Amino acid sequence: MGPRLITLTTDFGYSDPFVGTMKGVIGGINPEARIVDLTHAIPPQNVAAGALVLRYAAPFFPDGTIHVAVVDPGVGSERRPLLIETDRAWFVGPDNGLLSLAAKKVRRVFELNNDTYHLRPTSRTFHGRDIFAPIAAYLALGLPADAFGTQVDQFVQLDLPQARIEEGAVRGEIVYIDHFGNLITNISAQQLGDLRAERLAIRLRDLEIEGLSEHYAARTEGPLALINSWGMLEIAVFRASAAALSGATVGDPVEVLAERRSG
Amino acid sequence: MGPRLITLTTDFGYSDPFVGTMKGVIGGINPEARIVDLTHAIPPQNVAAGALVLRYAAPFFPDGTIHVAVVDPGVGSERRPLLIETDRAWFVGPDNGLLSLAAKKVRRVFELNNDTYHLRPTSRTFHGRDIFAPIAAYLALGLPADAFGTQVDQFVQLDLPQARIEEGAVRGEIVYIDHFGNLITNISAQQLGDLRAERLAIRLRDLEIEGLSEHYAARTEGPLALINSWGMLEIAVFRASAAALSGATVGDPVEVLAERRSG
Amino acid sequence: MGPRLITLTTDFGYSDPFVGTMKGVIGGINPEARIVDLTHAIPPQNVAAGALVLRYAAPFFPDGTIHVAVVDPGVGSERRPLLIETDRAWFVGPDNGLLSLAAKKVRRVFELNNDTYHLRPTSRTFHGRDIFAPIAAYLALGLPADAFGTQVDQFVQLDLPQARIEEGAVRGEIVYIDHFGNLITNISAQQLGDLRAERLAIRLRDLEIEGLSEHYAARTEGPLALINSWGMLEIAVFRASAAALSGATVGDPVEVLAERRSG
């Protein structure tokens, strides 16, 4: 096995040295650590956006990867710092639901309450630097997960809206809008299921899109819908922004209907 | 030789986990890979901007570097995924002109049509993750270029406007505007050639700048012109933005005239 | 000792390949170098912001770290390129005050005037690429600091406003606003000293905040004040932006008063 990767996902942005400081702490403990930034542009305090990013990116990392995520408005309060061990990865971050979408096949969960491995003095405003970064660095060195705290039974689950499968229709909503203005729904390819075999109509606000495209260039005029690289239904526009075209925002309902053959 | 560097240049932005996901794929194949981000803020679908960035940055990387670039509106369509081998580097990306300005002294070109080395299942919307990242990772491991597909004869050349040398003048245009608002032209130091020895006048929109400066602080009032670190004629303003001062945009004509001694 | 880390702090932004090019130069000299970005979003030419970022981040890096900083409007002019050796780190960058807040316990200072270790040809517009990056790479290889130039006695000190301790009050100002809109002052926990034991009132513009909070979630309505992770007095709003709420900008005065018991 190669060295364990550490990923970082935060709402810290790119203008301050907060992420770099976490890397300094990691490098001081584990100079060989390899760190990958997922993104630091999660909208401030938007736990759901961070949870989605981590959910869809984590499966593409090798076994043994340590994912650190910090979208943490409750830092320093009663919310617990967590380490979640799954069948193939570790997740480190606050117990506010941020880790809950990505952490599948959970083995053990620990509250990070053994301060032996925390940076001292430990601030109550920057656990990314003082708790999560050092724990990730020590984990990457091979320390066992149970060194860092007490095993616990539960952790906060994020309650995201789920798509509903109905007779001849799937109803969901926009859950994420990417940098290109692509509108990503909570409707998965699996949920479309049998509907995919037929002709579909996808409705969002004023738009009605007929059929699924295979790729972005398959329809060069107007909006298109496709199953994206995360396996989810997405509404896009070739070389343009579906968000700008539609005015859609996160939470807007999306309907997928099996088209009636008229006449 | 040290480990081969992999560079990444995309229009994926910094808010989504797309770049991080590519790094996860690379790390799963080649845990020792060293990855450098050139930029991920190429304007969406702007192949010319990506091609220029790669052209001017690639020469500063060591021999054996693998440059991956993804500005790829045609992903999943008939456009081919390519590997270009030059006398000192590899370039991996879509065959849409993106690699054509940087890939000098080309030895061989391959269409990446051997899916043995692709991520499976292979999406039709994210070849950065499913084709380009794994190919780069395997190349960095030392696999030979001809393992990845069929050699081809040609690849798409980007048709950028060229500066013209005329009697006592060079006419070009703004091709790139950097983060500082510096206006970079397609007129090279070599093209100025003999003109450089004389006094010059540089004209852009309403501005007329006399002479070339040696550095940004050499003229602390008003616009200045200099040969920049890419060897190109650039119009700048000390501690300010030439783009904001002039209102210039990419495509605006720039004239360099040998000044007449009047009277 | 592990490999020496190199940190980079610049105002180059994220849209151009300038930072990536520096990493290419470093990688060509020292393929094993490990590089951490502090931030590249220092506002253009804002030497004070760069100096503060470096000051508050550098202490969290391990001994032997090499900090490269480039906010350098005077590049190519008479301003000197510097290497500062302290008791635990190196600082590389222009002699314009940028390094002066972070470089504590200075041992030796060198003007980087031995061009043996510069990239050739050496531009007069991009010393980050041509001087600072290669010097950092050679330093990380273990070359001695005195290889790079002539020892000098002094370097430019940044003259930042200092908080003043008065009878029953500390007066300072906002010196940095982070990505969350948190307002960071130049008043340290130490300067609050005895005042901390009593009840305090913090005044900024129209706001008056009573008392210090322990963390961001401790007051969920309205503005709060706390000692932040840099050890400085900060004004914040839970899940919101204190900058937006207050309209405050860098330079605005902040008063901390020991509250009178009225009546």
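For clarity, chains are labelled A, B and C in written order, and residue numbers in each chain start from 1.
The rule is simple: a residue touches a chain if its C-beta (ideal position, glycine included) is under 8 Å from a C-beta of that chain, and two chains touch if they have at least 3 such contacts.
Keep in mind that what you see is a predicted model, and the values were worked out from it rather than measured.
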Checklist entry - When the Cα trace of chain B is superposed on that of chain C, what is the rotation angle, expressed as a multiple of 5 degrees? => result 120
Checklist entry - Interface overlap for chain A and chain B, more than half of numbers shared or less than half: same or different? => result different
Next on the checklist: Using Cα averages as centroids, what's the distance between chain A and chain B in whole Å?
Outcome noted: 31
Checklist outcome for this item: For chain A, residue numbers touching 2 or more other chains are 14
Checklist entry - In the complex formed with chain C, which residues of chain B make contact? => result 1-3, 5, 7, 9, 14, 34, 36-42, 53-54, 56-57, 60-62, 65, 178-180, 214-218, 226, 228-229, 238-239, 241
Checklist entry - Which positions of chain B touch chain A when the two form their complex? => result 12-21, 23-25, 27-28, 31-32, 44-45, 73-77, 123-126, 129-130
